[in-house]
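Next, two complexes with chain A in common: one pairs it with chain B, the other with chain C.
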Partner chain A sequence: MGIIPIFRKEIGDHLGSRRFVILMVLIVLASVSATYVAAQSIQADLTQHPDQSFVFLRLFTASNGSLPGFASFVAFLGPLLGVAFGFDAINSEQSRGTLGRLLSQPIYRDNVINGKFLAGLATISVSLLAIYLLVSGLGLRMIGVPPSEEEIVRLAIFFVISVFYVGFWLALSTLFSLLTRQAATSALGALSVWLFMAIFVTIVSGLVASAFFPTNDNSPVQQVLDNRTLQQNIARVSPSNLYEEATEAILSPDVRTITPVLFSQAQGAVPGSLKLDQSLLLVWPDVTGVIALTVVCFGVAYAMFMRQEIRTL
Partner chain B sequence: MFHHAGRSLTLLLGLALLSVPLVAQAADAAPTPTLPNGIMLTTQDAAVGTGPGKSITFPVDVLNNTTKPERIKLSVASAPDAWSPTFQDRGYEVTEVELLPGKDNTVTFQVTPPADTQPGSTRISLQGVTDDGLNAKLDIGVTISKQSSSGLKLTTDYPVLKGAGGTKFEFKATIANNTGKDNTFLLAANAPSNDWNVFFQPAFDQKQISSIAVKAGQTQDVNVEVQSPQLAKPDDYPINVKVNDDAGNTATADLKVSVVGNYKLDITTPNQSLNADATAGQAKKVQIIVANTGSAPVQNISLSATNTPTGWNVTFNPDKLDSIDPNTIRQVEATLTPAAKAIAGDYSLTLSATSTQATVNKDFRITVNTPTIWGWVGIGILVAVVGGLVWLFANYSRR
Partner chain C sequence: MSLVETEHLTKRYGTRTAVNDLNLTLDEGEIFGLLGPNGAGKTTTILMLLGLTEPSEGRALVAGMDPTRDPINVKRVVSYLPENVGFYDDISAAGNLRYTAELNRLPRKVAEERIEEALDDVGLLDRADDKVGTFSRGMRQRLGIADVLIKEPRLVFLDEPTLALDPDGVNHILELITRLRDERHMTILLSSHLLDQVQRICDRIGIFVKGKMVAQGRIEDLGMQLATNGAHVVEVEAEPLSDDLIETLRRISGVEAVERSHKMVLVRSNCDLRPQIVKAVTGARAHLLHLRLQTVGLEQIYFRYFREN
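Moving on to the complex of A and B:
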């Protein structure tokens, strides 16, 4: 027997589960309100400056100050989606005693974890795609500016990066479900990692950077630059920060650097948008980081699952 | 002599105790050196110069230095024809003067050389004769100069203007009306050829005029506008401006327009685009075309880049051009090296071709690309990670 039955079964379980409904309601509410606010500010801006490019992309990034943009919501709530579909992937089967029964079927053992992971990833992709399309449709209806070809490509890249990003949290929570027997413990572990990565890394990185390169109002430029650079590099430990940096450049072609630069580097620069390949090149390390983290995390979970003694399960 | 003088003194004293200044005057006259007995004609400025057509006056002093009253007939012994010599006093024409002994009178002698008088010196001889046979002579000299005696003058401070073909030259001319009466003056100018356009404008106004009214004794500024054709060959073009009135007064001014070559440079690229892509820290060669779009050769052109962002390096090969003929181009290779730390995206810099004759600045937009090396490193990492996963699958699949 192949991977397909497990995959189908898992998808069915996910899509029918209450946690899916709850999460979708939460995310749809956040996304729609973010898009609504963004579209309103874009509308106001368009009446003043009608000749703009990449208007459609701004639907996904614009915020009015009180409500973050859509991309920020995905960066913050996406991990919840990933954790929700992974935290009890293995240990719930164990506690119900169904894993042994499952493995007594003529099923290869790796198909179990692969199928579960792929099913989670598929659910995430479908959910994200649905939300993105919802946002696009709502925004299109409100601002009336259709996306250009390049914008569609950029959105597609944004989508792929988002799937990998949420996939990382899926892989991480799957790993936790292997490490702990209790589903609640696993969920708490994954959620604490999420909280740390989303919030505390930024604080800690600022503290560490200030310890190494203390700055005040009169600090030399180089000192300030060192401080910011170190802070940013520490913060890049967090997949959330990597994801936010990556999507910032992908969704905003006029972003030319994501690292702090000296004034001399920007001297003579003309405002303008970057070509897609340049935007991608700018955040390629971040994209690489997100994808690699996801693959490595899943690889570790895979190896652990395969090496576990089934009879003790 | 003294005797006479003394008598006239007593007489004067008797006459004019009323007037102290008169007494003083007479007292001054007392030590006058002896004058010959008889009558005399004298004038102070005995030979003067003037222009043709301009009347000239001599105050002639007629003196009776005899002991009795004398009636003196004034006449012109010799004077050129048509100079209309006259003696005048108090506005009347005078032909005879009656003088008491020792008295004198000043009459005005006026001649008017006609306007067509040739330059040169002329002697005029005046004489006074009495019935009792006394006579006196006075020779005066008049030198006629070349200068127009016409009271109309046309002057300009800058009679020669220089500029490129197609330029509108603006001369400022001043008409001075010294003819003695208000008049309207016709303005005329001859253009070098039909495609030149010469017209007159009053100062501070845009109207084209062909005549102008000037009050007697006043001046009026007139702008002479000369529109040169775009294709005028470098040369000197004379423009004669003439002012005249109905009384035959004429004045001219010789203006000159010196057309010099039209110096114009342009910078472009073989495909006309003023942008280029470059990679941060890596030299990029860009073909530049320097074109002479003017009408004269431009010499000693040096190429440079200004407004370059910090850390950028721009060189030209060659960086100097000796000369470019009109309507020809030269190709120059510019090497742009963006700073190694330049951020991706558009930068602006100015390329200039400069000579003493013409200068052109063109803004170029350079799109800086990030070196792709780190992109490949990232892909390498991903390949390694996925390879590791495949290795895991292969080792743990337990099939």
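Moving on to the complex of A and C:
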């Protein structure tokens, strides 16, 4: 299998690279501070209301208003991780003049892109897992409430979704590394998609929705509902929004819906938590969306790499 | 047995024909020089022979295999040194070669032996553990040759192996290439636009212009093709170079023309008249300073073909 040496070398390159160190420092700082703040607010809350369920999961979502929760940090910084390990995947081999030498060895051409993508994904998984364990350990020590079985399963699902989410950005930046010869251009391209998806899609979706269904304080219910639904559907173009919706329901069992609900619909509902399968059902489309985007993005990069003439590669 | 054979090999990129109807044969154990200006289609030809790009028409056989259908097995016995070869700068020289060995699935022990031997061959053994980022261009090129040797190929494609090297580096590389043939019995296809280098080491050459092979064969034979009806030109420099002497030279039987050219005269004939010319000069009590039979060099061949196209 020609993929194994490539996979091994790429992992070695990633783990030994300066960019890995910088990113890890950044992400560890962000997650430790987020967890610390979250644990403090949970502690305060627990002394007042000691009888609560799913306390451990709140470590990953709770925020004190000034600092976002851990899950939001992953949603925001995850793309950076993905882009960092993919933006120069192919074009750096080209500019260094190593691609021709690599492809003249007895390996299949797709070994190169598969090996690189899998190595990136493995690096990301290992880093994310390490950070999740770090956060869990720190939180466990501070709040002293161990996770229940269901919480562990929910965290595992959260982890898998996160890997796919970061994997999407890895695939996207790999695609950019095929489209542009300059590594810097490719990084900028991928980062602008990230900014667009993280910030502008939300703004644009609001604008478009208001153009179609203008609302004010006296608008009929249907108009407001249409506005919100359209806005949400446009925002779902962005994998960041899909990821946030998905993790919200997975990490907070008391989230019952991710779409707008009328006051009358919520009336008389018994407060409580959703079961795991119900939470999953709620965000299944979002989860599938994230996975599909990742697969499509990698598929396009794969096809381009396989079809491109070696002279232009 | 011929190691490479192509039949009507053609490659088109859109409307541009990069390689046009190429029929090339490489015999085992020879150095074949693919000579042509930049953009003549030399690299494209090599890429087709490696199966890295598909021919539009025709076919190639490399070591008895079709590189388009069976690129992996072709690449097991063929090494390729690309133009402007690159290495991973933050990995040591030996580390870069180790990666090549792994990609060729060599057992670790064999790999280490071959890496040491190859680095020794190119004179880089003492720098084996240094990062390639610290290497000069000449050293990188030599490392490229070492890299080519790792899989112990039967056939080696070298694309412009002496590009942008200083004269010392060029000599080193050319000597290495000759040793590949003589000591390791490898067959080498070398592409270059530098005729003097090709002339120095190649057994046969092919002249490649705008995708077409305009001539191929041994250098002497190509010279004969060009020489117009076996014409000979002898350069003569004598002191004093009087008009009487020129007249004497003109009277030698067989001489067709005598022309003055700066301090020399050029004597044209259809056979080698050097002994008669020496006799005539000394007979005229002049000192012979210089006498040379002009040979048709590769340069003339080269320019002739390039100008024609």
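Assume the second predicted complex is superposed on the first by the 309 of 313 C-alpha atoms of A that agree within 3 Å, B and C clash if a C-alpha of one lies under 4 Å from a C-alpha of the other, contacts with A are read in each partner's own complex, and residues count from 1 in each chain.
In the analysis below, a contact is a pair of C-beta atoms (placed from the backbone, for glycine too) under 8 Å apart; a residue touches a chain by one contact, two chains touch by 3 or more.
Just so it is clear, the structure is predicted and the values come from calculations on it, not from any experiment.
Once chain A of one complex is fitted onto chain A of the other, the partner contacts of A:Gly2 are limited to chain C, with no touch recorded for chain B. In the superposition on chain A, A:Ser66 makes contact with neither chain B nor chain C. In the superposed model, A:Tyr108 lies in contact with both chain B and chain C. In the superposition on chain A, no contact is made by A:Asn216 with either chain B or chain C. Contacts of A:Thr288 after superposition: chain B is touched, whereas chain C is not reached.
Look at A:Ala303: by the touch rule set out above, it reaches chain B but stays clear of chain C. Set against each other, chain B and chain C differ in how many residues of chain A they touch, and the higher count belongs to B.
Once the two complexes are overlaid on the shared chain, A:Gln48 sits clear of chain B and of chain C alike. In the superposition on chain A, A:Gly272 makes contact with chain B only, while chain C stays out of contact range.
Of the residues of chain A, those at positions 108 touch chain B in one of the two structures and chain C in the other. Of all residues in chain C, those touching chain A in their complex are 13, 43-44, 47, 50, 52-53, 72-73, 75-76, 78-82, 84-89, 99-100, 102-105, 144, 147, 151.
Listing the residues of chain A that touch chain B in their complex gives 108-110, 256-257, 261-262, 264-275, 278, 280-282, 284-285, 287-288, 291-292, 295-296, 298-299, 302-303, 306-307. Residues 307-312, 339, 341-349, 365, 367, 369-370, 372, 374-375, 378-379, 381-382, 385-386, 388-389, 392-393, 396-399 of chain B touch chain A in their complex. For chain A in complex with chain C, the touching residues are 2, 5-6, 8-9, 13, 96-98, 100-108, 309-311.
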